[in-house]
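In this document, chain identifiers A, B and C correspond to the written order of the chains, with residue numbering beginning at 1 in each.
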Amino acid sequence: MTAHLPILQVIIPLMAAPICLILKRAKLVWLFSLIVSVLAFSVSVLLLQQVMTSGVISYELGGWQAPWGIEYRIDKLNAFVLLIITSISTLVLIAAQASIEKEIPKDKHTLFYVLFLLSLTGMLGIVATGDAFNVFVFLEISSLSAYALIALGKNRRALWASYQYLIMGTIGATFILIGIGLMYQMTGTLNMQDLSQRLPEVAATRTVFVAFAFVTVGLCLKLALFPLHLWLPNAYAFAPSIVTAFFAATATKVAIYLLIRFTFSVFGLSFSFTTIPLQTVFMALGLIGIFVASSTAIYQNNIKHVFAYSSISQIGYMIIGFSLSSVTGLTSTLLHLFNHALMKSAIFLALAAIMFRVGNVQLDNFRGLGRQMPLTMAAIVVGGLSLIGVPLTVGFVSKWYLLTALLEQGWWPIAALVLLASILAVVYVWRIVEVAYFKEPLPDRAPVKEAPLIFLVPIWILVIANVYFGIDTRFSVQVAESAAQSLFGVSL
Amino acid sequence: MNLSLELMLQLAIIMPFLSTIGMVTVGRFPNARESVTITTCLLLIYLVVQLYLGLSAGESIAAFWWELLPGLSISFAIEPLGMLFALIASFLWLVTTCYAIGYMRGHNEKNQTRFYVCFAIAIGAVMGLAFSANLFTLFIFYEVLTLSTYPLVTHAGSEKAKKGGRTYLGILLFTSIVFFLLAIVSTWFVAGTLDFKPGGIFAKDVDKIVAGILLVLFIFGIGKAAIMPFHRWLPAAMVAPTPVSSLLHAVAVVKAGVFTVLKVCVFIFGIDLLAVLPTTQFLVYLAGASVLLASIVAMRQDNLKARLAYSTVSQLGYVTIGALLASSAGVIGSSMHIAMHAFGKITLFFCAGAILVTLHKSKISEMRGIGLQMPLTMGAFFIASLSIIGVPPTGGTWSKWYLMIATLETEQFVLMVTLVLSSLLNIAYLLPISFHAFFPNLSRFTSANDATCQTQNAQVSLPSFAIKEAPLPSLIAIIVTTLGCLTLFVYPQPLFELASAVLTGRE
Amino acid sequence: MIVGLFNDWVVVVLMMIGLYIVIAHGNLVKKLIGLSIFQTSVFIFYISMAKVDGGTAPILADGVTQYSNPLPHVLILTAIVVGIATTALGLSLVVRIKEAYSSIEEENIQKQDNKALKQSAMEQQA
């Protein structure tokens, strides 16, 4: 059984999706998906344990030997990402039933879970596989279900957002496909590890350059790096709240994982960072992205928009850490991957709870919520503090690592700018706090009660995790650091 | 009780935090809630005094909590400067709480439970700050202090309070995140450690330019020390209820700021290094300018609390100057000034609050003759003013004395003139208040508000002579702190011993 | 050069045409058609990549020594399926957009959204 863990990770949710259709009854399907997600979570825990103790796991699909067959290859990096995805999906699913009851028509509930599980499958597949073409297939599985999930949103603008995402996402995925094709043309292999050994021989050719460019641009579209982020804010803002909570914490993370995987493992460090001016480009884009997105967030009135823009700016932090191409820099990126997932899922779940009670998340409707939904608002405040990077929250830990990484290479001005940008986070978080705690509720809004327990439990698990991993950093730092080290040491 | 000193140290930090649970549970019954608060205060003082005795006996007290990141730990250690700060803070917390009970009830404020809870968290943060063994721990509690005082500043919940709170939080978080955190990370990077060590942690051959830039970052980053141009939060925080202002201005926040400055100067840079850094001179002059300018601005304020706030800005400059002068007299003077100013300023704020609660007056121009209604309060105000100015028989004399000596020793004559000038300004903006209060008919007394006062005089007939003192708890608090000002003049010995032990690290 | 890389030229031209349509056309259905053309160009790229001059289908037979590479062909089957799914999903979205906005012109939809935004802003002020 344990030998088959890598494939189980992907196949469990994949198989569960059609079963949902048979079960039909929404409540039952919910319970079933929750169980599936818990199973996936336990698998990822086992995987991480196994990787940390006994090193890389290679699993040959159907017994076909790599590099001819498809290989699933789990190292510290993807075991870590798998854990992030499955834990968030489990927590988010707890609140799903209550939330979609208000936001999605009854006859679509079952389909929601089918799509959710397929999307989960896609993400897990992208991360678990060691085959470049397989990445594309799973990428499309997760994207297609994502488009459909977003289109389930109540507001008609969800349709438009979904359509735009579909166009951008497909272009991005096709770019990746072209890149993979060019790589295959040069090396005759699709296995990532095999690629990493064969690419250096042909690294000087223009084709490899072009392949690299296509893959990187395609991924940047997927991970919403400024200025390719335009699809994200509306997609997050108008999707059903649960979907937002799930995607905000996982979808862009998966794309960042892929970027790391391709630049570090497949193309190799020396090619990615010395032959191509990746560092300058990414650092500039990351920095501009942080500032532009944070300042835009300040002027939004839809709170989901605020945090969607904040997500784009947080991606900037990850990209800056990544662009440093140092162990510390990459550690900070991986840490932030984990930490940002914790903060954003907590915040968006809290927003889902507010959506459940109030019906929308316009800033004006937050008036008086500090008193009416104290626990939910407290969760947003803690999440916000974490976004700002206040000590004893996870945000501080990743910021600390990013700063150390920047100073290590003497980027003083960038370090100062990064800190300056956190002040912008203070502004957009505090705008919400002020309205929620200091303004009397709107006269025409009926007073609301605190969110039901089914929301509060996952929200507060995440909030506590935000603080816990901000204090006890052993787990996250150890995993992130050793994953970063292994990427720099022996590639794959 | 037979607690080990180590345990007591940790209790002193945790207890205020734990007491909040008690306050929230009995929050509905004001009397029960307030007894929880008072009990905590008393216990805290007991603990701190025990710790002081332990320190005097030569014991080394330290505690280690948790290693957050490799090499970065939350740990505590007691040294004289922190002890001094903790003693003042814990004692004045008790007094302030007494005062607050009278004030909040007299004023019928809302959300009193939240108020006391935040108060307790703030004081817990101060304890953690005072006892922290490294810069990292200090930074954590520094931020906790900022966040926990935000609800206190915006307590009123009005538009004005919100605006003040925004400035307060904005400036404090901005400076602490952009400059202070950057300075800490850089220090960690240059020196490889953040532990406080007597004599500093930088290597002998550290690049003077880099260290100089770091010093600038630190001084600007510690926004709580209110060095111009980052002083705006202090007057902005005046919207808070008076007990909060006194806590902010005399005990917790500003003192945490200058305490941090002292800590950084003495234990991170070390005064030997400080003396040779290229930027020190610039910063000393900046602090000097801050002292003078704030005094001048204070003279132009008609709102009593605003005037006191600017006076605080100016007095904080003294401490920073003392720290930056890099001489032992300077450090002693600064450490003592933390205590002296705390007692003086808290008394002044208490008086301002008492006047507000009983007579509903906040403008200085309206305060003619109130000494006849509130003789005790205004008497206390007079004595506290003397202490701030630095005239016998009050404690302020000693700290100013040492600061003057320090300027002489280091031959900073410009600064000496600045200090003297500022003391004169202190006289000009503080004394008229009590003089006018007691002698409403005194028409010619040099004051910035002369013109306004005279017009007021023409219109308003003299106030009645009926005595109407502040509520009893508040009055007790005022008297206690005033006596403190006087006692510190006669008996400054323990304080002086602590202050002079700062540099040697041990008593 | 031109003749030897004929297939590649076709791929590039189709790709550009497809992308151009996606960007330049306001009609949502036309955009999807552009997207399909764009994807198709990639399919052609994969298929022609695997073709070996003079090679046959990879079936073992006497006298045949040169085979075309079957793998990209198989891969692209998957990609074609994905492409169909994308187009289908996109079209169904267009149908629903038409129902919700009664228009499939980008400009018109944007205008309606902006109008709704302005209205809600006005309401807030009032």
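Side notes on the structure shown:
Just so it is clear, contacts are C-beta pairs under 8 Å (C-beta built on N, C-alpha and C of every residue); 3 or more make two chains touch, one makes a residue touch a chain.
Computed from a predicted structure; not experimentally measured.
Closest to the middle of the protein, by Cα centroid, lies chain A. Each chain gets a centre from the mean of its Cα atoms; the one farthest from the centre of chain C is B.
The distance from the centre of chain A to the centre of chain C, with each centre set as the mean of the Cα atoms, comes to 26 Å. Centre-to-centre, using mean CA coordinates, chain B is 67 Å away from chain C. Centroids of chain A and chain B (each the mean of its C-alpha atoms) stand 45 Å apart.
Counting partners per residue, chain B has no residue that reaches two or more other chains.
In chain C, there is no position where the chain touches two or more neighbouring chains simultaneously. In the complex of the two chains, the chain B residues touching chain A come out as 66, 68-70, 72, 139-140, 143-144, 147, 154, 157, 161-162, 166, 169-170, 173-174, 177-178, 181-182, 185-186, 188-189.
Across the complex, chain A meets chain B through its residues 385, 388-392, 397, 400, 403-404, 407-408, 412, 415-416, 419-420, 422-423, 426, 430, 434, 438, 471-473, 477. Chain A contributes residues 133, 136-137, 140, 144, 147-148, 151, 156-157, 159-160, 162-163, 166-167, 170-171, 174, 177-178, 181, 184-185, 190, 364 to its touches with chain C in the complex. Listing the residues of chain C that touch chain A in their complex gives 19, 22, 28, 31, 35, 38-39, 42, 45-46, 49, 71-72, 75, 78-79, 82, 85-86, 89-90, 93-94, 96-97, 100-101, 109, 113, 124.
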